[in-house]
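Next up, some structures in C-alpha cells.
Both complexes shown next keep chain A, but they swap its partner, so chain B is in the first and chain C is in the second.
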Partner chain A sequence: MFGLFKKSKDSQNGESTTEWYSELQENQQRWFAFLEKLEAKMEEFATAAIPELKEIMQSDDDIYKRTFHRVYSGVNGQLNNIREKARDVYEEKVHDVYYNLNSQISVLSKHHNLLSDFRSACSDRYNEFENKYDYWRKQIDKTQERDLETEYQKILDEYEAIKNKFNCTQCGGNIVIEKIFLIETYITCPYCQTQNTFAPSTLGRNLQNIARNLAEQRTAHLYEAYEAEKDKERDLYHQRHELSLSIIHEKDKKVLHEVQLKMDDLEEQRQFAIKNAPKLHQEYLRAMYDELNKITPDLKEHNEKMYQNQLQYL
Partner chain B sequence: MFKKLFGALTGDKQENQNYETQTSNDNYENNYEDNYQEVEYDPETLHGTHYTVEDFDNEVAERAEAWIADERASGENLDEKDIQNIYFNYRRTVYTEWNNCDSDQMIRFEHANSLKYTGVQTSGFVKADDNNPFLEPVHGVDLRTYTAMCLKISAGIDYLEVCKAMGFEPAVWEELNTIWPQRMGEDTSFTVTTLFGQYYAENVTVPQLENLKAEISEEGAANLERIKSDRYFYEELAGARQAAYEYGIDGAQWILENFGINLADFQSVAMQWMTEQNQNWNSADITEFHDYQQQKQKEYAAKFAAEQGGNIADDVNF
Partner chain C sequence: MEEKKVNSFLNRLKESAQKQTNYGGEMEITEAKINAKDCPNCGAGRAKQDGLTHCAYCGFEFLNIKLTDGVYIKKEDNSI
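So, the complex of A and B:
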C-alpha cells in the first residue's frame, strides 16, 4: 500500500514537474533571446540617433532649441517604447507565470526551487536590460550638453562690440552701456536726461537661459564630490552588512573580535560620510551661486535668496 | 451620543483623553448597530466640529513627542525631517480616529491645511493674504493682473498688443515677467505659484484686456467647451498630446491644429480639473481618469507610430 502510494505521488509529481518545468525553461530561453534582440535594437537606434541629435543642437538657431527638444522627445519616446515592451512581456511571461504556478506548488515541495530559480534568473536578466536602457538614456541625455563657454564668450564679445555704440535718441550723445542687460531697460541720457530704452539683442537675452547651466558646469567637480560621498555611505553600509552576515555562525572568538573591529571602523567611516555629505553639498552650492553671480551680477539679490532657500533642504 | 459626551466634559484633559479613547472604541461598536455616524466638518478647516483644533494639535503633539522621546532614549538620531514625518503621520492617525473617516476625507483635510501643517500651499485652498510681501504689486500690477496678461499672451496674442491695451511700455512688461517668476522661485510656501495657478484656472481677465480676444474657430470653441465639461474628453486630449511629444511632434501645436484649442485655454482647463480634484479628493475617480488617459495615450501613440512607419522594435517579438 505504501509503495503504491509513493509511486503514484512520485509519478504525479514527475509528470506535472516535467510539464510546468519545460514551460518555464522555454519561457526563460525565449525571454533571454527577446531581451537580447531588444538590446540590439536600442543600441542600433541610439548609435544612429546620437550624432543626429548633436548635429541638430549645433544647427538649431532657436535660443530655446525647440527643434532639438522635439526630436529629443521623439528619440526618448522610441527608447521608452522598447522599455515598455520588455515590461509588458515580463509581466505576462515571467511574473504572472510565476505567481500562477506558485499558487499550485507548495513552497515546501522539493521542486519549488526550480520555480524560484526561474524567477530570479529572469529577473536578473531583466535588471541587466534595465541597466542597458539607463546607459543609452544617459548617452542620449548628453546630447543636450551645449558648449556653454563658447556661447558665453560670444555674448561677452558682442557686449564689448556694442557697449560704446549706443546714442541718445534725443540729443545723439554717446551712452555707454555699463553692463549686459537681460531685459529692456530704461537708461537716462547723461547729457540731456532723456529716457532712452535699451533693448538687448537676442544673444544678450539668452544669457539668462544659459547662466545656471554654465555655473553648474563650472562647479560640476564639486557636485561630483558630494555625490561620491553619498555613494560612499551606501558602500560602507553594504560592506559592514556583508561582514555581519559572515559571522552569523562564527564561534571562534578571535575571528569574531577581528571582524567586529572592522565593522566598527566601517561604521565610524559611514557616520563621518553622513555628516560630511551635507557639508560638501553646501560647498558646491556656494561655489555654484558665486559663479552665477559673476555671470549675471544683476540677479545677485534674487540668486542669494534662492541659495538661502536651498540650504533648508540640505 | 458622541457630541453629548463631549459637551458634558469640562476641564481635565486626562479624563478627556480616556473618554476619547473609550468613545472612539464605542463608535466602532456602535457603527455596527446604529449604522452611519454623521460627522459635521468645518467647511474651512475640514476638522470635525465635535472637537477643537487646539485639542487636535495638542493630541498630535503629545503622541509625537512621546514617540520622539522613546526613539531618542533608544539611541536613535532624529533630524528635522524625521520629526516632521512623525508629526505628519500622527496627524493622519488622530484625524482618522477622531472622525472615523476614510482616506479620501483625510486627504481633503490635508489639502485644506497644507499651509498650516507643512508650510506649502495646495491649489484650490489658497487664500491671498494682503500682507504677504511676495504678493506686493510690481509697478502697480498685482498677481491677478499679471496672470490675466500671461493668459492673453499664451493664447497667441502679441505681447506688444497686450502692453498697448494695458497702457504701458514693453520694458514694464519685461520687468513684470522677470520679477513675478523670481518671486515664484523664492517663495518656499509656493503661495505665488499656487495662486497664479488658481487665477490661471479661473481664466481671469481685467477690463483693459477684455476686448483682446485670441482667434478661435467655431470648432475650437465647441471643443473648448467640451473639455471644460467632459472630463473624459479632456483626458483623451491630454493623453493624445503626451503621445504626440513621444513621437517628436509638438503636442501643443498638434492640439491647436486638430482641435482648435490654444495652449492657454487648454492649460487653464487643466488647472480647473486639478483644482477641483484637490478640493473633492476621491481616489477611485483619480485612478479611473489616470487609467483612461493612459489608455488614450496608447491609442494615439499607435496612430502616430503608424504615420511614422512603426516603432523601432516592432519586429521583435517574444
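So, the complex of A and C:
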C-alpha cells in the first residue's frame, strides 16, 4: 500500500535530479576554472609587485616612507579586488544555488548528498584560494620590513656627535645634552642657570616613530614561539579527532586501548598548549617592552601603561 | 599580453604615488639646535629658578598656561 506512494515519489525525484545536478556540475566546473584564473592572476601580480615594492622601499628618501606606503596600499587594493571578485561569485554561484536547492530537496532524499558534496567541494576549493591569498598578502607585507638597527645606529651616532657641541646662548658655557630628546626641551645652563631651548633634529625626533617596531624586531623570535604554541591547540585537536574517527568501527580491544592512550596523550599536550600560550605571550610582551624602555627610556611610564593594558587581553 | 598589463598597472601606480604631494606640505629636515629666549619686554634672561611661565623681573607672561607634570617639564617650573 505504501509502495504505491514511494514509487511515484522516487520517479519524481529521479527526473528533477538530472536537471539540477547538471546545473550543479556546470557551476562547480566553472567555479574551479574561475578560481584557477584568479589565482594565476594574483600570483602574476604579486610576483611583479614584490620586487618593485622592495626597490621603492630602498629608494624612497621620505622619512616616513610615504611614497612606498602609497604604492603598497595600491597593491593591496588590487589584491583585494581579486579576492572580492571571488567572494561575489561564490555568493552567487555556490552559496545562493545551494540554499535555493536545499529548500526544494528534502534532506531525506537520496540525492541530497549530491548537493552537499557540491557545496563542500566548492567551499574547500574556496578555502584553498583564500589560503593562497593569505600567502601572497604576507609576502607583500614582508616588503615593509626595513633595517631599523642601522636607522637606530644613525640616531645614536648623531647624538654622540652633537652632545657636547652646544654652548649656552647667554654665557657661552658648555651645555651637555644628557640624552636623546624627542621634543623641544628646556636645558638649564649649569653656569648661569639660563633656560636654553634645545630643539632635537628631525632624525632624533624620529626615534619615537621607529622605537616600537625596532623593539618588535628585536624580540621577533619570542613572538614566533608564542604564535607556534597558539597554533598547536588546533593541530592537536584535529589529530585527536582523526584518531577518534578511526576507531568508530574498531572491535579489537587492544587496538582501542592503544588509540585511547594516544588520544589521552594528545589531549594532555593540547591542554598544556592552552595554558602555555598566554604565558609565552606575556613573556614576549615583557621582553618587547623592556627593549622599548631601553630605546626610549623617557617614555617608560607611558610604555608600562600600554603593557598593563595589553595584559588584560592575553 | 597579461605581463604587459600588470607592469603598466604597477608603473601607473608608482607614477601617481610619486606625483602625489604630502598632506601638510614639504617635509623640513632640521638639524639639532639650541637657543634661549630673553624677555621681549625688559630684555632680562630667563633662569631656571625663576620658573618658565613669567619673567622674574617685569612679570611678562611667556606662557599663559599652568604647567603640569610631564616627561621633561614639571609643575615646579611654574613661576610663582
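The definition used in the following text is that the second predicted complex is superposed on the first by the 297 of 314 C-alpha atoms of A that agree within 3 Å, B and C clash if a C-alpha of one lies under 4 Å from a C-alpha of the other, contacts with A are read in each partner's own complex, and residues count from 1 in each chain.
Convention: a contact is a pair of C-beta atoms (placed from the backbone, for glycine too) under 8 Å apart; a residue touches a chain by one contact, two chains touch by 3 or more.
A quick note: this is a predicted structure, and the numbers were derived from the prediction, not measured.
Colleague: With both complexes superposed on chain A, which partner does A:I162 reach: first (chain B), second (chain C), both or neither?
Modeller: second
Colleague: One more residue to check, A:T185. First (chain B), second (chain C), both or neither?
Modeller: Touch status of A:T185: both partners.
Colleague: Going by the contact rule set out at the top, does A:L256 touch chain B (first), chain C (second), both, or neither?
Modeller: It touches nothing on chain B or chain C.
Colleague: For A:V176, using the defined touch cut-off, is the partner it touches chain B, chain C, both, or neither? Pick first, second, both or neither.
Modeller: Touch partners of A:V176: none, neither chain B nor chain C.
Colleague: Looking at the overlay, does A:E52 come into contact with chain B only (first), chain C only (second), both, or neither?
Modeller: After superposing on A, A:E52 lies in contact with chain C but is clear of chain B.
Colleague: So, A:N80: does it touch chain B (first), chain C (second), both, or neither?
Modeller: Only chain B is touched by A:N80; chain C is not.
Colleague: Now for A:T202: first (chain B), second (chain C), both, or neither, which partner does it touch?
Modeller: After superposition on chain A, A:T202 lies in contact with chain C alone.
Colleague: Quick one: chain B or chain C, who's touching more of chain A?
Modeller: C
Colleague: Of the two partner chains, chain B (first) and chain C (second), which one does A:V71 touch, if any: first, second, both, or neither?
Modeller: Touch partners of A:V71: chain B and chain C.
Colleague: Please report the chain A residues shared by its interface with chain B and its interface with chain C.
Modeller: In the superposed arrangement, which is not itself an observed complex, chain A uses residues 41, 45, 66, 70-71, 74-75, 78, 183, 185-186, 197 for both chain B and chain C.
Colleague: Which residues of chain C touch chain A in the complex?
Modeller: For this pair, the touching residues of chain C are 2-3, 6-7, 9-10, 13-14, 16-18, 20, 22, 27-37, 45-49, 52, 71-73, 77.
Colleague: Within their complex, state which residues of chain B touch chain A.
Modeller: For chain B paired with chain A, touching residues are 169-171, 174-175, 177-178, 182, 185-186, 188, 245-250, 301, 305, 311-313, 316-318.
Colleague: Could you pull out which chain A residues touch chain B in their complex?
Modeller: On the chain A side, the touching residues are 30-31, 34, 37-38, 41, 45, 66, 70-71, 73-78, 80-82, 85, 89, 93, 182-186, 197, 302, 305-306, 309, 312.
Colleague: Which positions of chain A touch chain C when the two form their complex?
Modeller: 41, 44-45, 48-49, 52, 56, 62-63, 66-67, 70-71, 74-75, 78, 158, 162, 166-170, 175, 177, 181, 183, 185-188, 192-204, 298-299, 301
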